[in-house]
Amino acid sequence: MSDAQESRAILKDMLRRMLSNRQGEGDMMARWRQLRDELGLLAAPLPEARGGLGGGFADSALIAEELGCWLMPVPFVATSVIAIGLFDALSREDLSDQVVSGDILPVPALMEDGRVMRVRPTATMLREEDGVLRLRGRKELVEDVDMASHLLVPACADRSGEPLLLLLPAALPGMGWSRYRLLDGREAATVVFDDITIAPDAVIGRGEADWQRFEAVLDRAMVATCAEALGLMRAMLGQTVDYVKQRRQFGKTIASFQVVQHRLADMLIEVEQAASVTAMAVQALPDPIAASTAKARTSQALRFVAQNAVQLHGGIGTTEELALSRYFKRAMLLETQYGSAEQHLARVERLREVERSLIG
Amino acid sequence: MSDAQESRAILKDMLRRMLSNRQGEGDMMARWRQLRDELGLLAAPLPEARGGLGGGFADSALIAEELGCWLMPVPFVATSVIAIGLFDALSREDLSDQVVSGDILPVPALMEDGRVMRVRPTATMLREEDGVLRLRGRKELVEDVDMASHLLVPACADRSGEPLLLLLPAALPGMGWSRYRLLDGREAATVVFDDITIAPDAVIGRGEADWQRFEAVLDRAMVATCAEALGLMRAMLGQTVDYVKQRRQFGKTIASFQVVQHRLADMLIEVEQAASVTAMAVQALPDPIAASTAKARTSQALRFVAQNAVQLHGGIGTTEELALSRYFKRAMLLETQYGSAEQHLARVERLREVERSLIG
Amino acid sequence: MSVTERLGLVDMDGFREDVRAFLSTSLTAEMREAADRQAGIYADPDLARDWHLTLYQKGWITPSWPVAYGGTGWTAAQRLTFEVECAAANAPVLPAMGLQMCGPVLIGHGTDEQKARFLPRIRSAEDYWCQGYSEPGAGSDLASLRCRAVRDGDDYVVNGTKIWTTHAQFANWVFLLVRTSSEGPQQAGITFLLAPMDSPGLTVTPIISMSGEHEVNQLFFDNVRVPVALRVGAENNGWEVAKYLLQFERGGAAAGGRPLRLLRSISALMQDAAGEPEHVVHSPQFRRRLTLLEIELSATMWTQRRALSAVASGDPMGVTASSILKLKATEMTQMASELALEALGPFASVDQSVAAVGPVAGRSVAARYLNMRAVSIFGGSSEVQRTILGKELLRR
Amino acid sequence: MSVTERLGLVDMDGFREDVRAFLSTSLTAEMREAADRQAGIYADPDLARDWHLTLYQKGWITPSWPVAYGGTGWTAAQRLTFEVECAAANAPVLPAMGLQMCGPVLIGHGTDEQKARFLPRIRSAEDYWCQGYSEPGAGSDLASLRCRAVRDGDDYVVNGTKIWTTHAQFANWVFLLVRTSSEGPQQAGITFLLAPMDSPGLTVTPIISMSGEHEVNQLFFDNVRVPVALRVGAENNGWEVAKYLLQFERGGAAAGGRPLRLLRSISALMQDAAGEPEHVVHSPQFRRRLTLLEIELSATMWTQRRALSAVASGDPMGVTASSILKLKATEMTQMASELALEALGPFASVDQSVAAVGPVAGRSVAARYLNMRAVSIFGGSSEVQRTILGKELLRR
């Protein structure tokens, strides 16, 4: 085993030990602190020179998969992949270090209308007047707002129309919050910026090149989400296999029914194909087609596996009592997180057309 | 039982008796003559006043289904539904009577490029010069050319661009024929009209209203094709049920395997849903949306049933030896006959848009 | 011509117009809106009761019952048309346990006393029924049920448990299957009983579904005494009664009802997104999936119509047709609930029971998607239906 | 970045370019065109031989064999890249019976004499192998085979029949499974033999497939004598040898090879229809189905790559991976053959064996669609593969 392989194996083992006996209980912030501070989850994927294991994004994917497997919806992708990814890309390692140390916890505020996948903001406007920056706009479905110290807000410069990336303290005066709960139990909010004043150093990115960097970071977030989905699927398949082995109907375990065996086979195939496109996308980064291919295919697999896990559990599978129901609802979220299958299939087709026209 | 029901039952019974013991053998023209002359197949759907049973199109569908069931690809739709249907619609009962009596056997020549479903002809041009009519163009995949006495040719008037319907003797001088065989063993041809002279009375329809009549006739042909497909499906399902009951593997009949039972169930569902859309379309005529719905859904069912009939037969199902292979190839033809599932789904969507815009 | 019109292509002498006129005046805007907010399998009791009584007063509460017991005498096409129009108008979904399950069973197998006592009260909504079939160890394998009834004088003494009992918390009566003999094949020792929910020894424990709602329950029977007069059919003949009922349950209501209701909310979400050309509902792929669903809906309604035309009024449907319709209803319902989820997009992640967020038309979308997972499990799972169909085909 | 490029994202030191350079010079236009006309599972012998010898001379005929026996020593990624590039360039499909079936079996289970005698002749195309596995009563249930071999001195005497023997009419050798014992479980009495096709008493009867082609045969063994020296592995140990081979058969070749070749013909038909905007190939739905197929192709290639990376070179693949790959290859092949059929449209109805009609790119489309029905049946049916996978999961 190489050094890198060895440290990955150790990381995986530590994660499993920490997650396995505390599944789904307790306060998420406390859990997050433990993962961050005791395990060093945020440092892990960083280069060795910065205290990480040097495994890079492959380690992020490994961590995301384990978090999925143990149903631990902590803001790992938001911080490790998006915040640190963006700060590093903008050469703001100072900000990344603050995320790693836990001094700040930025969450992205991406959606303007709650539907379109990743258009540039047009309704979140930053206006400069006599050296004072004022922000107006509205972001939907900002997640983990109970844990966030900052928001990472894409906006639009009011005159030039150029894209901006803002890092705003979550407690800024004038922000309007309406909070609600998500199906996986986390807190989210709609945030309204009603002509609020922001500090000049809140603008951490500006212009086309920075926007491209942000897009690339979102592609990585998408692939990390695929890895988390993979963890969920492996867990749901495992739970289903265990269940059908013990559930008896018609005088035998339902595992002995051929259609049950074939359904399990189809679930396994979906899990493996999802694992494959995810592996491909990890390897292919920053290729956006591979990333969207992975998200599209994994979202399809996720729906199939989640639905059939419930189906094979029968009545009990539809109850809140079973952990499976929490996996199912988390799966619903991840299916659309950073874009649905349909949206990514369309993106693949669009990007391919561009590719072809560039070649042809 | 009403009189109509009773005569339908008799018709069905006679058909079954004539078809059942002669499946797939012998010369198609002889078979066709027998069905036409001994059974009065072409007269049957006509009104009682014209010697028919008065069952109308429902009887045509019944006949088509039986022909499908016994794999008898005689030119019933071409003559009874298309030729007689069009002649009647154009008030040319004189021509219809000639079809019924067997004096003429017209087959439609619809395709200009072999692909698009039913566009008006643009490349088959009729030119009038000093009172002489001259035709230029090319029709692909004209079926049953070995049996046909006439071709029914949609064309386009060279100056006005208005649509025309021509009835041409098949043996007209100057027609270029390249003949080939279809997968179901019938003969077809590409016919080239190289500036041939045609008689003025060959033009049997002209203008928008006549073209609409022809379109409506094609919709009926489509629904009759659904009925024939339904017959094929019932036969393939029946053959498969018989086979799985006797084929043994792993020490028992394959019928006892749950996945085989479930596959049969899915086949049955497809057959029944196809029967339902076909019944709907028969009842709904001349509604084009119902007709296209039927063809789309039936084509999907046909592919599913044919493929799974072969699959459940295993190796023997892939051989020419088995009658199933002839059903399978006939099914391939019927799937695209008068438009494929994809073409009809698109047509349904187009017509619905029109419907909505008319309402809204 | 809409889907619903294409269903009723036969001339029905203005029947459809009569139904529409009735719905436009009697189904209030409040009821329609309340129905939109319902995410469960059936409407909540208050809403259901309002609509039930409206239909009762009109004389249309039990169209599928024989005329002698309060049926309307409609043809199969008329009954389907009525149900489809109700669904298309977004009428509340009435609980089936009394109207479509217990009622038909009593008509087919009840004594005259039982009919006289219970049928009018089902029609008038005075009684609210629930169904005691499944047990923790007897789901798809219903015949293996173990809830036991022992004859003691003029009573049966019932001990055991029933599970997945929809709306037991609202019901005052339960019809149930109990084991009265363990001799011979499992099916041969089952008896069909009726019991008041306030019977001493009968307790109800809620089961919370994954959408967070309380729709189903577990019942516990601890020496519950049920008078023999409340037995339907002969002792040990309950399986025949149950089979009759299952076929009603599967084939009785319009298979297209639920999908049609869901299609309505998809339409609303599409209208809501009219101004956003990039929205997924405008993609040709979404459109195509809707088209396929609508086509399946037409096909299924005609399958139902063909089956209904083949049976005499009041009889249950043949086993083939009832299984096909159950499967198709299930498949279309789940497909429609997925399309609705996709049409709503990310807002489907919000737990709307805590706060209302996003488009109004999307409020019940996620909960419905969750609740509709159960339709392929309850009332004979999809796997059981396919086995029934396969075996039936092999019997031919 | 094309599908094939996305497969090989790892830097391979110009390997891909080397392969392409070789293909562009060695795979002649004539070969490519001839390959386009092939509708069968494998290329016809003459074409296959040309390409086989070209690869042989280059030293690339057996990349998956251990280097000691003539393998190339390539990594899993390189082997896949090679196969994918061959498929994308439309190289003829070489018969698998020698190169991917008999060869690996001999390497794994053959004696030194057998290896020395047969392996070089497989590589040099001097021998043409066929496979004697299935029997009329033993298809999916291979272990129930009854073709019998009785020891008589230094020979086995074989009696019985084998069916679905691909290209038996071209082969000079057959490897086959025979029953040498009827004691114990069925699997325990099977032996693996090699036999010359010109053995006295061995006759070949053609079976015509529904596409009208002669690809498969039935073999009849009438007291055929096979020397014991031609037994592979121990007597009664043939099932182990066969299982080893089946995993090669299912997992050995690039699962994406056949679908890629079919995608090529779909592309050609699409180009052909470029001037017809109404053609079905331009619809968003057709495009989407192609996209889904291409995505499945990427996923499957990475599944194969992950599986190959996990096993040492020359070993067969694990049972899970080999079944997944067989299923996916089957599904994609059949899907691609359907898309090709739809892209061609009505001309697919023509029997092209009698006369060539319609677009050149469509000439083998219908025959391929017909022939590809068999891929879900032979080599372990899709049903058998799913059972293997399900049982394997339950064993974990």
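As written, the chain order gives the labels A, B, C and D, with residue 1 at the start of each chain.
Rule of thumb we're sticking to: contacts are C-beta pairs under 8 Å (C-beta built on N, C-alpha and C of every residue); 3 or more make two chains touch, one makes a residue touch a chain.
Given the structure is predicted, the values throughout are model-derived calculations rather than measurements.
Of the two interfaces, A-B and A-D, the higher number of touching C-beta pairs belongs to A-D.
Greatest Cα centroid separation from chain D: this falls to C.
Work out the mean CA point of chain C and of chain D, and you get 51 Å between them. Centroid to centroid, with C-alpha atoms defining each point, chain A and chain B lie 54 Å apart.
Taking each chain's centre as the average of its CA atoms, chain A and chain C sit 39 Å apart.
Counting only residues that touch two or more partner chains, chain B has 257-260, 262, 345. The set of chain D residues that touch two or more partner chains comprises 283, 285, 288, 383, 386. Partner chain C is touched in their complex by these residues of chain A: 111, 113-116, 119, 140-141, 178-185, 188, 190, 248-251, 257, 259-260, 303, 307, 310-311, 314-315, 317-322, 325, 328-329, 332-333, 336, 340, 342-343, 345-346. For chain D in complex with chain B, the touching residues are 134, 137-141, 144, 163-164, 207-210, 212, 273, 276, 278-280, 283, 285-286, 338, 341-342, 345-351, 354-355, 357-358, 366, 369-370, 373-374, 376-378, 381-383, 386.
By the touch rule above, chain A contacts chain D in their complex via residues 237, 241, 244-245, 255, 258, 260-266, 268-269, 272-277, 279-280, 283-284, 287, 289-290, 293, 296-297, 345, 348-349, 352, 355.
Only residues 1, 6, 9-10, 287-288, 291-292, 295-296, 298-303, 305-306, 320, 323-324, 327-328, 383, 385-391, 393-394, 396 of chain C touch chain B when the two sit together in their complex.
The residues of chain C lying in touch with chain D in their complex are 283-285, 288.
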